[in-house]
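Both complexes below contain chain A, partnered by chain B and then by chain C.
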Partner chain A sequence: MAKSAPSIMKCENMFCAGCGHSLFDRLLGEVLTEMDIVGESISCSDIGCNHMYQYSMAVDTVVPPHGKMGAAMAAMKKVRPDKYIFSIAGDGGAYAIGLGETLSAATRNDNVTFFVMNNTVYAMTGGQMAPTTMPGQYSSSSIKGRTAEEHGRTFDVVKLMQNLEIAYLARCTVTNAAEMAKTKRCIKKALEKQRDGKGFSLVEVLVPCPTNWGLTPPEAMRHIENDLVPYLPLGEYIDR
Partner chain B sequence: METMLLKGNEALAEGAVRGGCRFYAGYPITPQSEILEYMSWRQNEVGGSFIQGESEIASVNMVFAATALGARALTSSSGPGFSLKQEGIAYWVSAGMPAVVACVSRYGIGDGFIGPGQDNYWQAVKGGGNGDYHLLVLAPNSVQENMDMAYESFELAEKYMHPVLILSDATIGQMLEPCTAPPMKEYDKDKAPWALKGTPIGQKNKVITDMTYNQDIDEWNRDYIRKMRLIMETEQRWEEISVPDADVVFVAYGISSRIAEGAVRLGRERGLKLGLIRPITLWPFPRKAFARLSDSVKGLVTVELNMMGQMREDVILASHWRCPAYSVTTAQRIPEVEQLVCFAESVLNGSAVEEEVF
Partner chain C sequence: MQSETMEKVKVNEERCKGCYLCIASCRKGAIRLSGRTNKRGIVTVAVDQALCVQCGVCYTMCPDLVFEIL
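Let's look at the complex of A and B:
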């Protein structure tokens, strides 16, 4: 991470202390600034805690209904093919209510980019179980812990998308400086794929939600390292 | 001006293109699929974009985003597909996006049937999605009007930054009639004041969103209600046929209005003083037409392809119960001219019943 925030980041942000969304937004802001493409970018927001980037990042933004970014970005790219079109999405938005639209954009190989913030819950509405909620994880709608028998299996975007003909698929996290540096490289690579007309790119970022996990910010980071990463390995899965 | 022989649905699509539409997204459903099919090649010809969305939900949100980036954008559907669009349309309203939707109505609840219907009148004019809103609703009754209303719809929507619904129906959509095509309008999406184009560092960026977070909600409410009142006051449109001396006045829109017009003519030949008010805007409902009615009117009769006489409620509100209001409801069948004349006779001889059907 750079020492000072890039100038498109406004100082106020509305996230809780230790929220992973704000760390990601900062990295994205740096990449947009370093690539000098702020004025060439139009973002597509989801609805969820993730959408609060609008208040801290000065980039043109469309906010369609919750989860409908795959459809909206398809249209945005048609209308302005010369712009970078990307979404900062929640795991609930991109993988549950909007899974159809996300997957349709991927199967078409639309030349757009998804950054999906996976915090394993619906954070904004109070931490209910999401498709990404981990086996055994407590949430406000799985109070005895998620089980495959009762609630179904946990969603893994890599398993879903690894055989699709898309340009880029990666999973990364923000738990320490080294991981953040890797995440920044993934963000840049995804946008470069779009610049080069290669098609659909998706970067999933494992982010902490200390508030809904009931953990302190350092504990939340350790939870990602110890409990999420072994189950959802980090890495670049598609790069063409 | 060019004369063309087109199906109503094709005329609607061509009218939109000539009105500057350069983005279309939709999903197949009878009886509107010709709009989608026509746009699939026509947008290419004019340098626009076409996306066959994976669903109506996807399509309506594609149109939201395309409009946000400055394009004149249309989607269309019918029946259950139009229902699926309602959430998205509510977002158009709250974000103040001048997008256009066409509904080529079919009859029935749920999946329903593919033939014509006017049973989604309430859905079309009373809101449809959540929140306090009406769309600006235009009701064509000919192939020519399908073209003309689609042609003007974008400018109308942009005048108020409020979405327009063109409520056509299966009969008008499917019939062939000659029509005159207006000239192609010039439209530059980069000049649209709301359009997102990317904002360089140091300048104020734009966010197109539903209303709730980015501004003072009381101020937003005030501006919004002022806009809705202005539309109500300025945009009421209707056509009158033989109304001034009429004893019985039909009220009908779309395909029903063509039958009602025939009934007025036949009735007059038989010495009955019949008239017709044809709402052209369904919202705002043409209340002004009813304020001018003479006191000698014995009855208002809506003619509707539904069971519940949905428009009768608006007629009662507009006429303040000054005279009885009846409905001839023919569900999935197009009414017969003779049937309407007989009903008018029953109003005149006092045997008609004002039925409360809902």
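Let's look at the complex of A and C:
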């Protein structure tokens, strides 16, 4: 079957080789194109490597301060209820600096869609440890590896959200073609919840950051499969 | 019927950043290093059109939109 880049991907992206952000962005571009809602969408960008989608993807974008997407999306939806409002964010922004805003949007069940790229580090600033950093993981600020005693336990926000009254919650990844297909279905479902007025949806995507993990891109994919997925299980957790 | 040598996948070598996820993903072993270097200084990839079955895995796994399945 013929396959080519959706026209919304207007130019080459700025991500490192093998970066998972760019794999997600293309999937989102495909879904927006297939649902024919490119012109009906306003994205809300976090700060971080993830924000570079706005340079290669032709979609209207608002950039609030780092981590404040939950609050910004609520405001955007109030002003433009006719538009699809979604956010592309990093784990550092959505689950650390912006955790309050993210959870507030979820507890209000705002009719918006949150895509969180979890690469277990603050990538753009040099790969520092985040609340999502894995047990034992080396980072530029946990050079002997993360320990629960010294740094606290790895924070699993998807688990935390499972009892909330929200429309959709899923965790997926981009490690192979089968997982990419599942991720694409989750993206579509999350946007459909917003279309149907069902409320808040969050899709967490486990994405590789080969640069800060110090791995080749294929090794980074295997690291997700072998070390992240057993700890952060994939699946759809809420589907109302 | 498609001939073994017809072009099945177009490769935009200038976009390649050298992650080689395509080589790791192609189950037919149809993708290898081309031996050519693009403007970024990256050794690019080439598709053996005879081995290719147009499954589209390279398109799916390429973060840089190098491949077009024809």
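Everything below uses one rule, namely that the second predicted complex is superposed on the first by the 238 of 240 C-alpha atoms of A that agree within 3 Å, B and C clash if a C-alpha of one lies under 4 Å from a C-alpha of the other, contacts with A are read in each partner's own complex, and residues count from 1 in each chain.
Rule of thumb we're sticking to: a contact is a pair of C-beta atoms (placed from the backbone, for glycine too) under 8 Å apart; a residue touches a chain by one contact, two chains touch by 3 or more.
If you're wondering where the values come from, they're calculated on a predicted model, not measured in any experiment.
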First, second, both or neither for A:E12, with chain B first and chain C second: second
Contacts of A:L160 with chain B and chain C, given as first, second, both or neither: neither
Touching partner for A:S4 - first (chain B), second (chain C), both, neither: second
Contacts of A:T61 with chain B and chain C, given as first, second, both or neither: first
Partner chain(s) touched by A:L23 [first = chain B, second = chain C, both, neither]: second
First, second, both or neither for A:I42, with chain B first and chain C second: first
First, second, both or neither for A:M180, with chain B first and chain C second: second
Per-residue touch tally on chain A - higher for chain B or for chain C: B
Chain A-facing residues of chain C, complex: 15, 17-21, 24-25, 42, 54, 56-57, 59-61, 63-65, 67-70
Footprint of chain A on chain B - complex, ascending: 23, 25, 49, 51, 53-55, 57-59, 61-66, 68-71, 73, 87-88, 91, 95, 189, 196-202, 204-210, 214
Complex contact set, residues of chain A against chain C: 1-5, 9, 12-13, 15-20, 22-23, 26, 176-177, 180-181, 210, 216-218, 221
List of chain A residues in touch with chain B within their complex: 7-8, 33, 38-42, 44-45, 54, 58-65, 68, 70-76, 78-80, 83, 100-101, 104
